[in-house]
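Shared between the two complexes below is chain A, which has chain B as its partner in the first and chain C in the second.
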Partner chain A sequence: MLKVEHIDAYYDKICALHDISLEIGDDDIISIIGSNGAGKSTLMNAISGIVYGKNGRITFNGKNITNQKPYITTRDGIIQVPEGREIFPKMTVLENLEMGSYSIRRTRQGMNDKIEEMYELFPKLRDRKSQKAGSLSGGEQQMVAIARGLMADPKLLMLDEPSLGLAPVIVDDVFHIIERVNKEKKIPILLVEQNAFMALEVSSRCYVLENGRVVIEGSSEELSKSDRIVKAYLGG
Partner chain B sequence: MEKKSNTMNNKKRNIILICTAAAVVLILPWILTTDYQIMVMNKVLIYTVVVLGLNFITGLTGQMNLGTAGMFALGAYATAVAATSYGISPWIGLVLAIVMGLLVGRGLGYPSLRLKGVYLALTTIGFSEVVRLVAANWVSVTGGTTGIRNIPYYSLAGYVFDTQTKMYYLFAVFVAFGIFCAYRLADSKWGRIFKSLRDNADAVEMSGVNIASCKILAFTVCAIYGCIAGALYAHFMGYINPSSFTIDLSTNFVIMLMVGGLGSVVGNIFGAAVVTILPEILRVFENYYQLIFCTIVLVGAIFFPEGWMFAGIKVIRKMVKKLRKREHITGEMGGGE
Partner chain C sequence: MAATIIQYIISGIAIGFIYALVGIEYTLVWNSSGLLNFSHDRLITLGAYIFAGTMIIKLNINYPIAIFLTFLSMGILGALIAQGIFNPLRNMRSNIFAVMGTMLLGRIIAELIRLIWGPVPFTLPGFMTGTVSIGSAQISKANIIIMIVSILVAVSLQLFMTFTKIGKAMRCVAQNKRASSLMGINVTQNICITTGISAIICTIIAILVIPLFNVTTTLAASIGLKGFSAGVIGGFGYLPGAIVGGLFIGVVENLSVLFLPAVYKDVVSFVLLIVFLVVRPSGFLGKRA
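Take a look at the complex of A and B:
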């Protein structure tokens, strides 16, 4: 459904992405792994339109979305959950969720149903709904961020380092939720991660980025056995 | 069920509050003895309109705007020139002022997309100074530094609002309408986005919001409020000149906003009232009154950054809680016996 073909992206004159191509199918979880500065987040930002890509083409369900304004890409159904839990710290959890639905017209009832759906997926958020989101723990904030993304009825959910700065137990929780979202809601997910182990475990296909280039791609199962990956990313 | 009765109670409380506020506003001219006091109240009302607008941009979206004097001046000059040079009715002048606000807001909104913090503040100061200098030097239209005299009062079907008390009621209607609109806007989808822009602009973009048009909208609302207030001011004073629209006026508006607490509509009214009335009260200190006023504002900024009113409410809430606790304890002891 999402096709990235030969994209380059620059920050001023510095090339951050070089000839990247990737594809996401209808019910997939695709992961992108790589070290700091490999261009993972840039790739995601290029898809959502925050960073302008040069050359190449990005199409979503047949529509050309290359260099489209971010708010239009969001309306097309590509929802990015940004890195580092970019929530609204001074707004309540409930308000955060409502903000997620901005691009969609809902009736009061429809909104309540959708929020109820989120509470079922993230039961902790129900208890916290009238708290300021900034007062939540890191894991809970990540849940708010993901739930806010889901509020927009995404056709493709892009998660940027959901495990960043979380305790290992919480990371397990978050990845469990990611799998559930994919299976229960049938939403394809593009996952950018530094935590290669978890990323390979949940995803079906994986791309490895190094210095702005895709160096390896393949099914996650194969990759997690490949010597190169084990050495460089899994600490084996 | 509990939630429902809660919102019912809130509604009841709001209606009672609105009724008391309306009653106070209606009775005030009878309590105030001199024309001078009512004139001060009129200033409070006019400034409230400006601060209500400023609240959208500095209070809600968190962008510093030090150019409100410029907006105020444009509104004032638009209607004053129309009324004195062309004999156009002040009501049409008001429409002109609104159009002026629309244009200015759009124009000023664009730089706000690229500039942040201090740079935006400087740009708005620049805008305000440009307006003032044009007003001072474009003698054929604005009368230059001598200003415009004999601006007519508002009149409605032959009834002229020519005394301070009459103007007071007229302006009160304007303010009420302004408050109504401000509340509706702040409570709407837009209001929430304005608030979230202050919190985390990146995340707003990822929620599918066109940030550019939102920021411009906030500026436009602010400019329209500012220009309407300027128009009211022109017909209230009957005389305007460029020296009233300096940066001092802009900073005063920001102080009003700060004293009332950023983001709160009730706070806006409170702030406009305090900053306008307090210096008048402090006049008993003669030469030192500005010094004392500024000290009070500074101390307030350090100790009550969320606004004086909210600091007061907090203290009262704490006291009520303490009292209740005490009652609770004594009540329990009574039950034990």
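Take a look at the complex of A and C:
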């Protein structure tokens, strides 16, 4: 459904991505791992249209979305949950969720049903719904960010470092939810992670980025046994 | 004596609401685009000239339609300013580009006013004049209208920002532009709408102060600066702060004539501004940085 072909991308005139190609199928969880500065977030932002991509092209269900304005890409159904959560801190949890649905029309009832669905997926958010999102803990803020993304009925959900800065127990929760979203709601997921162990465990395919290039790609199961991955990313 | 003090306080509250509206008008733009609109006092002046000079005196349109047409033209102008200056310049390496842009725009508007309507001040005879006596105090009708309209503007703006989709999007854009665009909000368009609303509030201020200052090229020079002080004293970037700051300045400067020669009245707000910048830069309601 999403096809990235030979994309170069620039970030402040420094070429951050070289000749990247990847593909995401209909119910996949695809992961992208790599160290800090490898270009993982730049790739995600190039798909969203926040970073300018050069050469190559990005297509989504046949539509060319290369360098499309980010708000249009969102309306096309590609939803990015950005690194560092970037929730709206001065708005309540409920308002944050409602803003997630900005790109689609919902009736009052439809909105309530959708929010109820999010509370079932993230029961903690129900208790916190009238609190300012900025007052929540890191893990809760990550739940708000993912729920806010799901509120847009994504056709493709892109998660940028959902485990960043979270306690290990909460990281487990987050990955459990990612798997549930993929299985129950049939939403394909593009997952960018530094936590290679978790990323390989939940995804079916994995791309390894180094210095803005894809150096290894393959099924996550095989990669998690490969010597090179174990040495470089799994601390073996 | 008591009646005099009440009169001072009431006219202080009225002019305080004007400062508050000025504070609101530029805070909206500041929150939305991260830029200060240095042409805002000229926009207020322009609004007064379009309303009084063109709509009422030249075309002789009746008041409600004249107000509506002035709002419409100023709202469109605001959106054009956002599209022409704020959006192209807000991502430049330094804010100084956009600052210069709005300053020059202010000069252009000032010269246009002189060319189109001429330098001679004029007034609207019979517009919001007369007084009402409450007890032994005499209160001008203009002051009462200013208070009512300002409260209506502040309340409806609050409702708009809380309950409408565009208003909520405005709050999102003020908090985080990147996340807003990921929500599907067209940030560029939203900044245009916000600046348009800000220009309409400028017009409301303009119409309200016509009975106080007449229509002159320097109509908004002092309220422009005092409105800025109102924002700082109340808590910069926070809309309720602008209201608190505006009312505070208005009342204090009006009461100051009891103790100081009246010529020092205009100095009071700027002294307050400096005191707040030194002692409490976050203002009454702002969070300490």
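Note that in this section the second predicted complex is superposed on the first by the 234 of 236 C-alpha atoms of A that agree within 3 Å, B and C clash if a C-alpha of one lies under 4 Å from a C-alpha of the other, contacts with A are read in each partner's own complex, and residues count from 1 in each chain.
Just so it is clear, a contact is a pair of C-beta atoms (placed from the backbone, for glycine too) under 8 Å apart; a residue touches a chain by one contact, two chains touch by 3 or more.
A quick note: this is a predicted structure, and the numbers were derived from the prediction, not measured.
Peer 1: Using the superposition on chain A, tell me whether chain B and chain C clash or fit.
Peer 2: clash
Peer 1: Between chain B (first) and chain C (second), which does A:79 come into contact with in this model arrangement: first, second, both, or neither?
Peer 2: In the superposition, A:79 contacts both chain B and chain C.
Peer 1: Touch check for A:22: first (chain B), second (chain C), both, or neither?
Peer 2: It touches nothing on chain B or chain C.
Peer 1: Counting only touches as set out at the top, which of chain B and chain C does A:214 meet: first, second, both, neither?
Peer 2: neither
Peer 1: With both complexes superposed on chain A, which partner does A:90 reach: first (chain B), second (chain C), both or neither?
Peer 2: Both partners, chain B and chain C.
Peer 1: After the superposition on A, what does A:99 contact: first (chain B), second (chain C), both or neither?
Peer 2: both
Peer 1: Running through the overlay: 9-17, 27-35 or 315-323 are the candidate stretches of chain B; which one clashes with chain C?
Peer 2: After superposing on chain A, the clashing stretch of chain B is 27-35.
Peer 1: Enumerate the residues of chain A that count as touching chain B in its complex and touching chain C in the other.
Peer 2: 48, 50, 69-71, 74-75, 79-80, 82, 86-91, 95, 98-100, 102-103, 148, 152
Peer 1: Which stretch or stretches of chain A touch chain B in the complex?
Peer 2: Those residues of chain A that touch chain B are 48, 50, 69-71, 74-75, 79-82, 86-91, 95, 98-100, 102-103, 148-149, 152.
Peer 1: Flag every residue of chain B that touches chain A in the complex, lowest number first.
Peer 2: Those in contact with chain A are residues 189, 192-193, 195-196, 198-200, 202-211.
Peer 1: So in the complex, which bits of chain C are touching chain A?
Peer 2: Going through chain C, the ones touching chain A are 165, 168-169, 171-172, 175-176, 178-179, 181-187.
Peer 1: Applying the document's contact rule, which stretches of chain A touch chain C when the two form their complex?
Peer 2: Against chain C, the touching part of chain A is residues 48, 50, 69-71, 74-75, 79-80, 82, 86-91, 95, 98-100, 102-103, 148, 152.
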